[in-house]
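Read through the structures below before going on.
Common to both upcoming complexes is chain A, partnered first by chain B, then by chain C.
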Partner chain A sequence: MPDAKKTLTPSKVFLFGTIIKNPILVQVIGLCPAVAASSSLTVALLLSFVTTILLIVCEVLASALLKPLPSWFRVAVYMITGLLFICPLMYILDEAGFSVVSDAGVYLPLMAANSVVALRCEKFAVKRSVFLSFYDAVATGIGVSSVLMLSGTIRELLGFGTVAGKAVFESAPVPALTMPFGGFVVLGFLAAFLKKFISTFLSGYSYDMPFRIKRTRRRRPGRTSEQPVLIEPTSSGEPLPLGESTVLSSPAIEPDAASDPSLSGGAVRFQIHEAPKESGKESFADVFYNSMSEDLFAREEAFDDIAAEVKTEKHGGGQFTVGTETSPSANSDIVKPARDEAERVVIPVDLDLLEEEEINRALKKDSEGGKDG
Partner chain B sequence: MTWFFDMTQAALFTIFIQNLVFNGGYGSSEAIRMSAKPKRFLPFSIMIAFFSTVTAVVCRALDSIKEISEQGEAVHSAIFGAVLILIYIATALILKLTLAPNKKFLSTLGIAAVNTLVFAAPLINRRAGYGYAESVGTGIGSGIAFILALMLINAGLRRLEANKNIPPLFKGTPAMFLYVAMLSLAFAGFAGSPLFA
Partner chain C sequence: MAVKTVIKTDKQKRPFCCDMLIMLILPAVMAWYYYGGSVLRTVFVCMLTGVLSETAGAFFMRCPRDLGDCSSLFTGAAMALMLPADFPVWAAAAGVVFAVAAVKLPLGGTGFSPFNPVAAGFSFLCLCWPDKIFNYPAIDTGSGYVKGASLAGMLSVNTSIRPNTINVFDIFTGNVPGPAGASCIIVLLGCAVFLGFSRRRSLINSAGFTAACALFALMFPRVYSYNARPVSLLMELCSGLLMFSALFLVTDPAVSPEKPFHRFLYGAFSGAACMLLRYFGKFEEGVCFALLLSNAMWPPLYERILRRESKRELRKRVKRRSKNRALSAERRAPDNA
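Let's look at the complex of A and B:
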């Protein structure tokens, strides 16, 4: 399998940070300043500046120095860094008599605890080079800033009848838009607009922006699926592409000892087993955490909540083809029952690699579409 | 007894009138993202309530010191932020040494501690001039307000997921934002905020 991380270029990082995976409209992080504080353009400008600087400082710091530290401790470091930047800035602006500090209210110091900084640092910066982390920070900063300023302008115009303090309307058309309610409404329409923009101009990256309830089933050790799944390996014996190679390397899948002689074309019968439960006494915290199942920092985002589905379709004569598709919010670790002629198995994969594989696939599709056009 | 009533009043005010998630937008990212995972509602809300209560009480105690209470917003924010970080690190270390939690648990603890909802509690208390009883009430109320927000958003997500009449452009995140906007509007009504001039 090619090293997907090597194919992550600054331009891709930039495109994804600003538009495709916009932190506020797609990843739904850093909402607090967007819905509550950015009710005017000047406050939105201040918050955008603070967020972008914080992102750059924290991501570069995380990538360069914080990798050896445990994740739980790094979160505290991000907040300390935020406070060290924001509090002196507040003091200076306050002393200089800028009213924007009082307009921003408690939301300015709250930027130190903004989830967008911690999430981008944990999800991206600690796994990548300083160079790419810097690009990601700038891109994410632009993505956040553009939403904050758009939202701030629309809400100030309709909520106060002004833009940057200058009167446009004689009276405020919809004062309610200055409340958090208005922030959510504006974000809803901006998210729909972004979706349309991506599907029109960047069709290769179009997706559903899913937000689904996670329904998980408890695993029982030693439980097997009712029906075997057939997977066709490559003739060279090399690892298969993403989904398939994950299948082959997954501890949950073992070749069935009693292979079926009726199979042709080099197909191998695999039996799906549930992964055995780890031995050893579980601590109280483990039991407590089992109800929470996944690492929030690594897997939380709805967009990333993707599992590879290896779909085997029966064509007749014992021939099987393997296709890979991705499905948002698919429930990992669940063996689904046979559906008509096809059997579907959902397999947990390395989501980071999958994400990058998707980027590459989308770029390829995009360039092919461009050639055709 | 007055202490109890002050605390309950502040808690009820935080939950229903000044619901921090819907009326203030605090912790709204965490609320929306967590609402899709019903099994995590209770533990995460308990963590939020714990951190906001302890932070609010410690910050209130510090604010009773004359040298600190005379300082401006910037210094207060720095002190309250430092208190939150210290409480988080102390809690994480105590849990690590006593219960040996896994990495995921500690990451979740970090998200519950370092978010705008928890950090906002002492800052709002100071602005409102709350005493100890109200600070405790706000802390507990934050946790309950958070779980109420989770349940309401979750109920909406289920309906949005099942609704086939949503225009394709608004399916998913846009519809979810608009649904949360309606909830926010309802809570603004409880607070008596005027919608139109």
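Let's look at the complex of A and C:
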């Protein structure tokens, strides 16, 4: 949301911290204690308490005092603050004879370097007032704590057959849930339920979630190489000249085109341009063609235009995009409409097919040229 | 050109899992012969659980039910036959629920799930009840085998198999403690023949898997005998779930590639993983964990293989064309002269 910062109210901060941007289930951060340590309710309670207190202390500190400092220094301050809190707490609990400290193991001291604390401080607290930071810390703490305790209760109940040490079942129904593998399974189902809850009861906030579920075609793994290709909506509705376009059907595009009733019966045209290189990551086409010797392809001029940015148009005009995000018919409930024409949609396109098409055409052209010559 | 799975392209044929279900009839009959009606009851409960899980999961996830392809029936039946005969029925049903509701449906459904649901369900049971799942009942046929002492268990304790420890005929007829429906090698060979006739390509996966396991067994024998290598080969291939997995799990069309050579490579990769887990794993039988590992690791490996092959093919084509051009130029040269 572009104006989210301006219209941020305490109630919205609370809703975002607890549900919409839940650190564990939605943002998927701070998984280590949630998966590995919180296999029982008592440990989950201890970790929740520590996380909430750390969040409140660090966010208020960051918002009140640490704004002038550089970010790399602030992160160190968060860790030192966490250690200053956790070390005495561990000592006191250990002296008092609570076994929960040994149950939590190494994960309790590791909470000093909690990614949730550092992220919330850097993303939120250093840019906002102390009041809002405190609210955010409490909300995020409640969000983390609820997930930890829910996960801990489920895992203890099914993994050990107890709740907070009290026996509920005679034997453990599913002992494997006490392992980290069980933590992942439980968190996965909780995340799915939360997603469903948000899309059902808080559908107005689904755009504010850090990620959106894209409905893509289910593909068999390993069959083709999926390479993201930028696809732009065309500015004009006129069809491309035949000489500049190529008709191509791709496994990644065809189903979406088929799902759109406005495209039925028409082929899809793609115009192939040079690929914009992503920083630090070469596309498959780059790797593939750079690995070839220059002499080998010196005569193959057509190979220079291989695979990349594709503009789509439908026969007979009518603008549309082949992406998954901007097609309202495919994802009516979760996908927002395109804001402007310059918005780009990244979808997977089978580069093998693109290359194969290009190679075949180049070889055919070359053989025809040879015959003519 | 849409990407199609083997399941969808073979419209004129029976669904793949239907063939697998037919193949499972004979192991189920042998299990009933050795262990009585309790095995059939487990099979029935597991199949019913599979169907109910699929129906309930499809209802909650609002995705179409795939009951017609028999995959949920196959999942239940295969898992029941992979377990010991005295394994609790409710636990077996829990494994089927996990396979269908937590692995198959959320990850894409029949033909699309990147992980084999049966292998995932069995691994789940291994982690939950390791003491029960590898504790096989003795067969009451006068052979005198000890409860729980399966072939895979004896192999996992190195050098525990010595000359004349096991009767080879007993091994082939399944008269040894082991998984209820996976011990009778003769029946499994019959299933392989059926697979060869009905799904010849799928048999290549099995061949690759078995070849890799055989190679490991020959190279690193775990038996103490004067002719250790052939005995090791026999014991390793006939023990545990290896042959059963080679026929029913490795052939899963959702994860196997299309070309025969690639299928063989995929099978060999899974077999190598299986033997490594057998040698160094915690459990005596690691084939299901190995399958999950290979399911996860095979796609990037396969992509590299495809890249390499397309590169090689392109080089060949360009070289061939250059050669043809040079030849035609040579032929034209005297004409012009």
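The rule is simple: the second predicted complex is superposed on the first by the 200 of 373 C-alpha atoms of A that agree within 3 Å, B and C clash if a C-alpha of one lies under 4 Å from a C-alpha of the other, contacts with A are read in each partner's own complex, and residues count from 1 in each chain.
Everything that follows uses one rule, which is that a residue touches a chain if its C-beta (ideal position, glycine included) is under 8 Å from a C-beta of that chain, and two chains touch if they have at least 3 such contacts.
Values in this document were obtained by computation on a predicted structure and should not be read as measured data.
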{"item": "Chain B versus chain C as contact partner of A:Ser115, first or second or both or neither", "value": "first"}
{"item": "Per-residue contact with chain A, leading partner among chain C and chain B", "value": "B"}
{"item": "Partner chain(s) touched by A:Val185 [first = chain B, second = chain C, both, neither]", "value": "both"}
{"item": "Touching partner for A:Ala176 - first (chain B), second (chain C), both, neither", "value": "both"}
{"item": "Touched partner set for A:Ala164, first chain B, second chain C, both or neither", "value": "neither"}
{"item": "Common interface residues of chain A - those touching chain B in one complex and chain C in the other", "value": "174-176, 179, 181, 185, 188-189, 192, 284, 288, 291-292, 296-297, 300"}
{"item": "Chain C residues within the chain A interface of the complex", "value": "1-3, 5, 94, 102, 106, 108-109, 111-112, 114, 124, 127-129, 254-255, 257-258, 298-300, 302-303, 306-307, 310-311, 314-315, 317-318, 321, 324-325, 328"}
{"item": "Chain B to chain A touching residues, read off their complex", "value": "22-30, 32-33, 36-40, 43-44, 72-75, 77-78, 80-82, 84-85, 88-89, 92, 95, 99-111, 113-116, 118-120, 123-124, 127, 154, 157-158, 160-161, 169-178, 180-181, 184-185, 188, 193-197"}
{"item": "Residues of chain A defined as touching chain C within the complex", "value": "173-176, 179, 181, 185, 188-189, 192, 217-225, 249-251, 254-255, 284, 288, 291-292, 296-297, 300, 352-353, 355, 359, 363, 366-367, 370"}
{"item": "Complex contacts: residues of chain A adjacent to chain B", "value": "25-26, 28-32, 34-37, 70-73, 75-76, 78-80, 82-83, 86-88, 90-91, 94, 101, 106, 109-110, 112-115, 118, 122, 171-172, 174-176, 179-185, 187-189, 191-192, 195-196, 208-214, 216, 283-286, 288-289, 291-298, 300-302"}
